[in-house]
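Each of the next two complexes has chain A plus one other chain: chain B in the first, chain C in the second.
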Partner chain A sequence: MVIELAKILVFPGLVFLFAYAMFAQWLDRKLYARMQNRVGPRFIQPLADIVKLFSKETIIPKSVDPVLFRILPYFAFAAVATSFLFLPIMDSPITSIDGDLVIVAYLLTIPTLVLSLSGWVSATPYSIIGGIRCLSQLFSYEVPYFLSLLTPALMLGTWNINEISKGLPGMIVAHPIYILPVAVAFMVGIIALQGKLERKPFDIADAETEIVAGPFTEYSGRLFGIFRLSLDMEMIVGVSLLVAVFLGGVYPFSGALAIVSYLVKTIFVLFILAYIKTAVARIKINQMIDFGWMVLAPLSLLGILLVVLLHMGGIL
Partner chain B sequence: MVDIVIPEKPPKKTKKSMMTKLANWSRISSPWIIHFNAGGCNGCDIEVLAALTPLFDVERFGILLKGTPRHADVLVVTGPVNEQIKSRLKRIYDQMPNPKFVVAVGACAASGGVFKGCYNSLGGIDDVLPVSAYIPGCPPRPDAIIDGVYKLLGSLKKG
Partner chain C sequence: MSERMILPIGPQHPLLKEPTHFKFTLEGEKIVDADIRLGYNHRGIEKACEERTYLQDLYMVERICGICSFVHSTNFAQATEDILKVEIPQRAKYLRVIVGELERIHSHLLWLGVAGHEIGFDTLFMLSWRDREIVQDLLEIITGNRVNYSFNTIGGVRKDLSKEEIDQTIKGLKVLEEQTKYFADVATKETTFIGRVAGVGYLPKEVALSHCAVGPTARGSGVDIDVRRDLPYAAYGEIPFNVITSDRGDVLGRTIVRVGETLEAINIVRYAIEHLPSGPITAKVPRKVQPGEAFSRYEAPRGEAVLYARANGTEKPDRIKVRAPTLANLASVRHTLLNQTVADIPIIVAAIDPCLSCTDRTSVILKQDGSPKTEEIDWAELRKRSLISKPLK
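And then the complex of A and B:
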């Protein structure tokens, strides 16, 4: 009981998630700065930002719905923190049930919905536009994201994240041809994750040059701090999910060394995300919808088609 | 009649608690700014934007430019305040959460500059808002603006 609680709250649960989210934000900003030929923030910077936001005054504007305005950030935080429990950080995740891939995918949708809802209750033009953009974005990346997660699940015939991450490396070693659908799905997953986290080129919802800060416009102090924290954590959860589903989780190592392979793989994915963020500029919302449905969705369907054909072709 | 005796409160402890120190450190480490033009000639604004370019890289100090006053800690104002913008400036300041600071950039913001005595303008930012730091110059160089914000943070450290 005590050990379970410590696992959930400290390692590999909430405290580890918080610390790693801070590290990932620093890494992201530092890589972004170095690629722009800048020095970049200090290591302690994300922590200072969060502590500052928590120690600032929280303003509840008159025009908002006070109850919804206050509780929405906690919803995003709770959804993200819960979804982390299903991901294999050490040898096995804290909790694992059949179909937890679906659970995590849906829990990761909640922050986006909360974001759009918070834009709506803020009742200012900027935040409402931001909220609507959030939702329209959701329709373009969510389907490719789910379909790309479906590809390895179809390959192994299971919906359990832990079983997928354990089974995938062996399968690819046995039949190297399966690297094809996984590579296609991983590519789609990375791009869709970029949209899910609302980073460049898909930071349309909180485009600071157009609509100030999007859904966050009216949020200040502690509530904004919780939002920021939950988005940072969402990045870790999203990256960990990709690592678990496409890169074989903690594959080469087991036991205490498992955390090393987890860290190496997640940092590799974080690097790709930072690289995309630096290399591209923001696109328009209609371009994003076009891209999502014309490029990403067919690509993810191609991955699934490859798996089906390979299964029918008698390999495995 | 019964004499009502009001007990004297014990003197407050002068030693700062751990949490206060932590909050103070975080405020110094992560000043997010919002930039507002209160009727200036745009000269200072160009220099403020130049200070935010990769050449100077103020993210080293944790300084970020924010679009909304709700997220900002430091209000960077340029220009003498004219009558039309006075209420807007006041409103922007009121929308910022406490603790908040105002930095007046340029000669006009500090004293009214060449617009001093005009029928439509006031004599600088401090006629409307409490100012924490003045950065002189017409316009001040980006280095001077960064130095001004840095000195403001240094004064916060002292208390």
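And then the complex of A and C:
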């Protein structure tokens, strides 16, 4: 019982997630800065930001619904923290059930919904526009994201994240042709994740120069800190999910070394995310929806089609 | 969302570098009406000029703009020299061209960075501002200052260009040229950048003409105007250069014009340095200026800047009037904003390279219901309020 609780709350649960989220934010900002020929933040900066936000006054505007305004950030936080329990960090995740891929995918949708709802609750022009943009964005990346997660699940015939991550490397070694659909789906997954995390080029919902901070405009102090923290943690969860589903989780190590391969792989994905962020400008919401449905969705369908064709071709 | 919604932007907003106010009426994300209010940054510089001597005013008008400071000081010096009927030495004319064009390079690189930032392309912002440091350093080497150069004086310039300074400038220009070509490449080829600027903020040629747009805003819509060529001042009459225009009319057109002008400015500086005549750099001028009036025009990086000066025979001018290029361009902004989306607001506003505190010549106080509070005051009262010795209540 104590060990279970420690696993959930400390390692590889909440505390680890928090620490790694801080590290990932630092790495992301540092890489972004170095690629732009800047110095970048100190290692302690993300933690200092959170501490600062938590110690600041929380202002609740008169126009908002105070109850909803207060509890929304915790919903995002809880959803992200829960979804981390299903992801393999060590040899096996803290908990694993059949169909947890679907559970994680849905839990990861909650922060976006909470964001758009908080925009509506704030009831100011910037936050309402931000909230609308959040939702319209959701419809353009969510379907390709789910479809790309579906590709490896179809290959292995299971909805269990742990089984997928354990089974995928062996399958690809046995039949190298399967690298094709996985590569296509991984590409779609990474781009859709960029949209999910509201990073460039898809940071449309909190476009600074247009609508200040979008849904966050009215948030301050601790509530904003929790939002920021849950978004940082969402990045880790999203990246870990991609690693587990497409890159074989902790393969090839096991036991204590498993964490090493997990860290190496997640940092690799974080690097790709930072690279995309550096190389592009923010696109417009209509361009994003066009891109989501005209490029990403067909690409993810192509991945599934490849799997189906390979299955029918009798390679498996 | 067929309902109409009001989106206020400013006076404080991350989009704006200086205070101004926009009121947008939206239908969903589409802008159906736009209202621009100026007057948050009136500093009374024209009035302050009347309180000071000509030489002091030279440094006063330099502080109208933090970016194109040389524009205003040259304009003032030219107008005063015109009243005095003084011909400045040839070398001074060339030196003014060199500093003026270096300033154009710095202003356009700054704009490119701001434009990148407005559309969320922070990498372009960081890199173009990094390379802008080169030209800032060159300006510091030549004039001694990075922003307000204090390089002009009535009757010429204050500092000569030495051999080492010329060598350093030539070296710096080489790096600048390479980097500007790279930025030109990014601005015309990077997909997400093109997606944000092509077809956005369209300003037809007729509208540009009827709304009196100037500078890159007009040239980006195919209006072929440039004071440097049409009414040469300083040494521009002797220097060959091309006026860059684009027929696109959108923000991309204005970007192409600005990047092209940066490359052209590098060539002008090179030519001016190679053909720098020898001789003195100042002409002797009297302290008191005989009665008369003059009008000076200057092609600033943002467009044509105009300065009118009237002298009354004393040490202080009787009247100074400055029209900054932003005022001429602001009228076209409303036209370009209509029927665009919220996401286009930052880049369309930034596309004229607004310099609002240079523009403001008045303050308007709005009442609670938003209507302007008007009050009639006579000349004596206005003068009393403008006196620097008596602070405003």
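Here is the rule we go by: the second predicted complex is superposed on the first by the 316 of 316 C-alpha atoms of A that agree within 3 Å, B and C clash if a C-alpha of one lies under 4 Å from a C-alpha of the other, contacts with A are read in each partner's own complex, and residues count from 1 in each chain.
In the analysis below, a contact is a pair of C-beta atoms (placed from the backbone, for glycine too) under 8 Å apart; a residue touches a chain by one contact, two chains touch by 3 or more.
Just so it is clear, the model here is predicted, and its values are computed rather than measured.
Chemist: Between chain B (first) and chain C (second), which does A:Val212 come into contact with in this model arrangement: first, second, both, or neither?
Modeler: both
Chemist: Considering only the touch criterion stated at the top, classify A:Ala105 as touching first (chain B), second (chain C), both, or neither.
Modeler: It touches nothing on chain B or chain C.
Chemist: Determine, under the contact definition given at the top, whether A:Thr278 touches first (chain B), second (chain C), both, or neither.
Modeler: Second partner only, chain C.
Chemist: On the A-aligned overlay, A:Pro201 touches which partner chain: chain B = first, chain C = second, or both, or neither?
Modeler: second
Chemist: First (chain B), second (chain C), both or neither: which does A:Ser220 touch?
Modeler: A:Ser220: touches chain B, not chain C.
Chemist: So in the superposed three-chain picture, is A:Gln36 touching just chain B, just chain C, both, or none of them (first/second/both/neither)?
Modeler: Both partners.
Chemist: Should A:Ile259 be classified as contacting the first partner (chain B), the second (chain C), both, or neither?
Modeler: neither
Chemist: With the two structures laid over each other on chain A, which partner does A:Ile129 touch: chain B (first), chain C (second), both, or neither?
Modeler: second
Chemist: Tell me the contact category for A:Leu305 with respect to chain B and chain C: first, second, both or neither.
Modeler: neither
Chemist: Which positions of chain A sit in both the chain B and the chain C interface?
Modeler: Shared contact residues on chain A: 36-38, 126, 208-209, 212.
Chemist: Mind listing the chain C positions that touch chain A in their complex?
Modeler: 1, 5-8, 13-15, 29, 116-124, 126-127, 130, 190, 192-193, 195-196, 341-346
Chemist: Sort out for me which residues of chain A touch chain B in the complex.
Modeler: So the residues of chain A in touch with chain B come to 29, 33, 36-42, 44-45, 47-49, 51-52, 55-59, 126, 208-209, 212-213, 216-221, 224.
Chemist: Once bound in the complex, which stretches of chain A touch chain C?
Modeler: Checking each residue of chain A against chain C gives 35-38, 125-126, 128-129, 132, 200-201, 203-204, 207-212, 278-287.
Chemist: Would you pull the chain B residues touching chain A in the complex into a rising list?
Modeler: 22-23, 25-27, 29-30, 54, 57, 59-60, 62, 66-68, 70-71, 73, 95, 97-99
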